[in-house]
């Protein structure tokens, strides 16, 4: 997000500040350790995660604009540190970590941000947000309140886009086939924008769409909500 | 017979389960917000069934029509005999297969056809000649439109599956609400003296193995008829 | 060996994923299933509780498997069943082949059993000189083609009616037909004769009931019933993990299996067999043999973390939901059990190092776990297999890469500067593609790289 999609972070900051909250960004954190974790390298993953635990110590809520990274911290950190000295800290962090859209809707009780985004859009659920965190309702509630925005659901809306981290480069043929199916569903809605709460899915899909010279643009939910 | 292997396998199992696995709600609970209190019976989760007799009968009728089971609710023996005679004529039955049962005997005799009784023809392969197998059953199940029968209640294993048409005759007090009731009945009726075979039949034999398209009469009967007698025969 | 299975998988996957006909065929075949399944699920008063209940029952039986198995076997033996405990595939095969010899059998008819695929029973019997006929329509079709089943529940779902018609024409000399109904009747006629002829019937078992000493067989066609009714000898082959405690548990498992598996409320025939023909019964086999198979199941049982993988009732729902399965197809796995459950258990049954690639061939989307009627934590077990594989033999270059990455995350400032420097290079990456490492090539095969932003979030934050 930092290097490839800074506008997502900027949008998140703008939204919370508009709502009157203060935001802090931990410059010491680069990654949650999920790539190593998913590849089976749990020691290397812990090496990264330990420092995340240290940087994020404290009490306030931690909001992450990616279902996938949220799931890592919220669901997998406790498993990664099970029966280790950091277990309690990991559990504590897990409890106060939230995915961006669910934080807005479930914690702050906000659905209308006064945003305006005049376009026809379709929404892709990142799998981790959807199935690890059961986030499906929240982004839709938020999108429904955006002025001049038309939300069109695509066929097989909950199926995976095929990114899957290192899977995308280890098994590019399968990942591509999945992405093709997904982008075909998105294209057939005739939307102008493909919105998601996960940048990694969008990076994969945008890469495919660009290669196929399609006009459909991908954009993160936060960027839509930060448009006025 | 091979006690050695038995003990070796049981030994491996005992060793393996010394550490208990996380319970379903522990192990996956963290990733699954649907942590659920488990009630005592599956009756509370399965599709619901009306409590009154008429509602059950209607549900059973509806299930039969979805399954393409021919269902006839008739008030007595005479109506049943007429319905069977009708089928005999339409399908040009030549040989019947049946078993002795007080409810079946008068009906089968009234059809006036050559009849193989399984009690006299224990070679089940001879049933291959029959146009129809007529049997009794243990129960009917409203929830699913199923028939519960056993080798003892319905003339063995082959009679209800080998001929191309299976006719079941039952009385209305045999209609049970749901699957839990059916297994309860089986358990209580037979105690420790089970027949070697029981089956739940739900609709005529079917397959979807070619392009997932439904075809009836794959290996078992293509036609299944249930004759339900309104008064106890 | 590891090279062979993994590379075969990749070669086959590359072929099938590019086959758009295959993709469309599988999608079409699953469409009506999905609709029916969702309608059925909606009729449950509480589908989630039903899954949870089923998982709890399976937990109970597996964690006390020794006691339930002993009950089960004692009850069965008391009523004349001959029980054989097979430690591995070889022992099970040898027992059944010896039995065929003892009975002077010629023809053996089988109803659907994946466990017999697991132990390669057909080959063993055929080599010993017996004719073995699969009677389930889908199995009959793939047997004629000399193929393994494509799917746990729908063995011939990859074939069109035209391909089946051609096959029947070639092998059975039947007239070509466009109609699934006519094709089914051709198989029915062919197999009728075999049931009457067969000396031995072989079946599987979906459940074993400890309380009463019975096996339960689920099917739709009636071939299972004929297989267990007509031949003089019936042999059932069952994995040791299939035992459940009570008869009444079936009231939950039977509809759950059907709903998840085929989108039916309950399948057409659900039969219980508790022994050979009893003295007051007109027909049925004179002998009933039950072969109980371990074949490394106890090894999986010993892994408490993944023990729930033995909950599996082989409904096939996780295959149907799996985007990997739908794109690579059932044969690509090269395993008896395809799809997510196959990827989870094959490393336990046949060796982690040979089969770990299946655990990596997943986007971890979790669709399998969501549909599994007995709540197996499938996609997390893929993660566990990956962790175990790394723990026993990590790939050195991958480990180096992740160590470097972990090291770099200590210095976000450095990474920021590196990114700024490499930003102008991104557009040229495709030009130098041939000399890039495999992962980047893999990405570029079908996708463009994302651009590195002019200003990183970090820079933006600093400036504020």
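As written, the chain order gives the labels A, B and C, with residue 1 at the start of each chain.
In this section, a residue touches a chain if its C-beta (ideal position, glycine included) is under 8 Å from a C-beta of that chain, and two chains touch if they have at least 3 such contacts.
What you are looking at is a predicted structure, and each value in this text was computed from that prediction instead of being measured.
> Looking at every pair of chains, which two share the most C-beta contact pairs?
The largest set of C-beta contacts joins the chains B-C.
> Tell me which chain's centre, taken as the mean of its C-alpha atoms, is farthest from chain A.
Here the answer is chain B, farthest from chain A.
> Where the centres are mean C-alpha positions, what is the separation of chain A from chain B, in Å?
Whole-Å distance between the two chain centres: 51.
> Give, as an integer number of Å, the spacing between the C-alpha centres of chain C and chain B.
For chain B versus chain C, the centre distance works out to 28 Å.
> What whole-number Å value describes the gap between the mean CA coordinates of chain A and chain C?
Each chain's C-alpha centroid was found; their separation is 32 Å.
> Which positions in chain A are in touch with at least two other chains?
132
> Among all residues of chain B, which ones touch two or more of the remaining chains?
31
> When you check chain C against every other chain, which residues touch at least two of them?
In chain C, 369 touch at least two other chains.
> Quick one: which bits of chain B touch chain C in the complex? Just the residue numbers, please.
Touch residues, chain B against chain C: 1-2, 5-6, 8-10, 12-17, 19-25, 27-28, 31-32, 34, 36, 38-39, 42-48, 99, 118-119, 122-125, 128, 144, 146, 151-152, 155-159, 161-162, 178-180, 182-184, 186-187, 194-213, 215, 217-221.
> Which residues, counting only chain C, touch chain B once they are in their complex?
28-30, 32-33, 43-50, 52-53, 55-56, 59, 62-66, 69-70, 73, 79, 82-87, 91, 135-138, 141, 154-157, 159-161, 164, 180-181, 183-185, 188, 191-192, 196, 212, 214, 220-223, 225-226, 228-230, 240, 247-248, 250-252, 254-255, 262, 265-278, 280-284, 288, 292, 294, 298-299, 301-302, 304-305, 307-308, 369, 375, 377, 380
> Touching residues of chain C toward chain A in the complex: what are they?
Counting only chain C, the residues touching chain A are 10, 13-14, 17-18, 23, 323-324, 327-328, 360-367, 369-370, 383, 386-391, 394, 398-399, 402-403, 405-406, 408-410, 412, 415-416, 419, 438-440, 442-443, 445-453, 455-462.
> Give the list of chain A residues in touch with chain C in this complex.
Interface residues on the chain A side: 1-10, 25, 27-31, 33, 35-42, 44-45, 47-48, 51, 127-128, 130-132, 158-160, 162-179, 181, 203-204, 206-208, 210-211.
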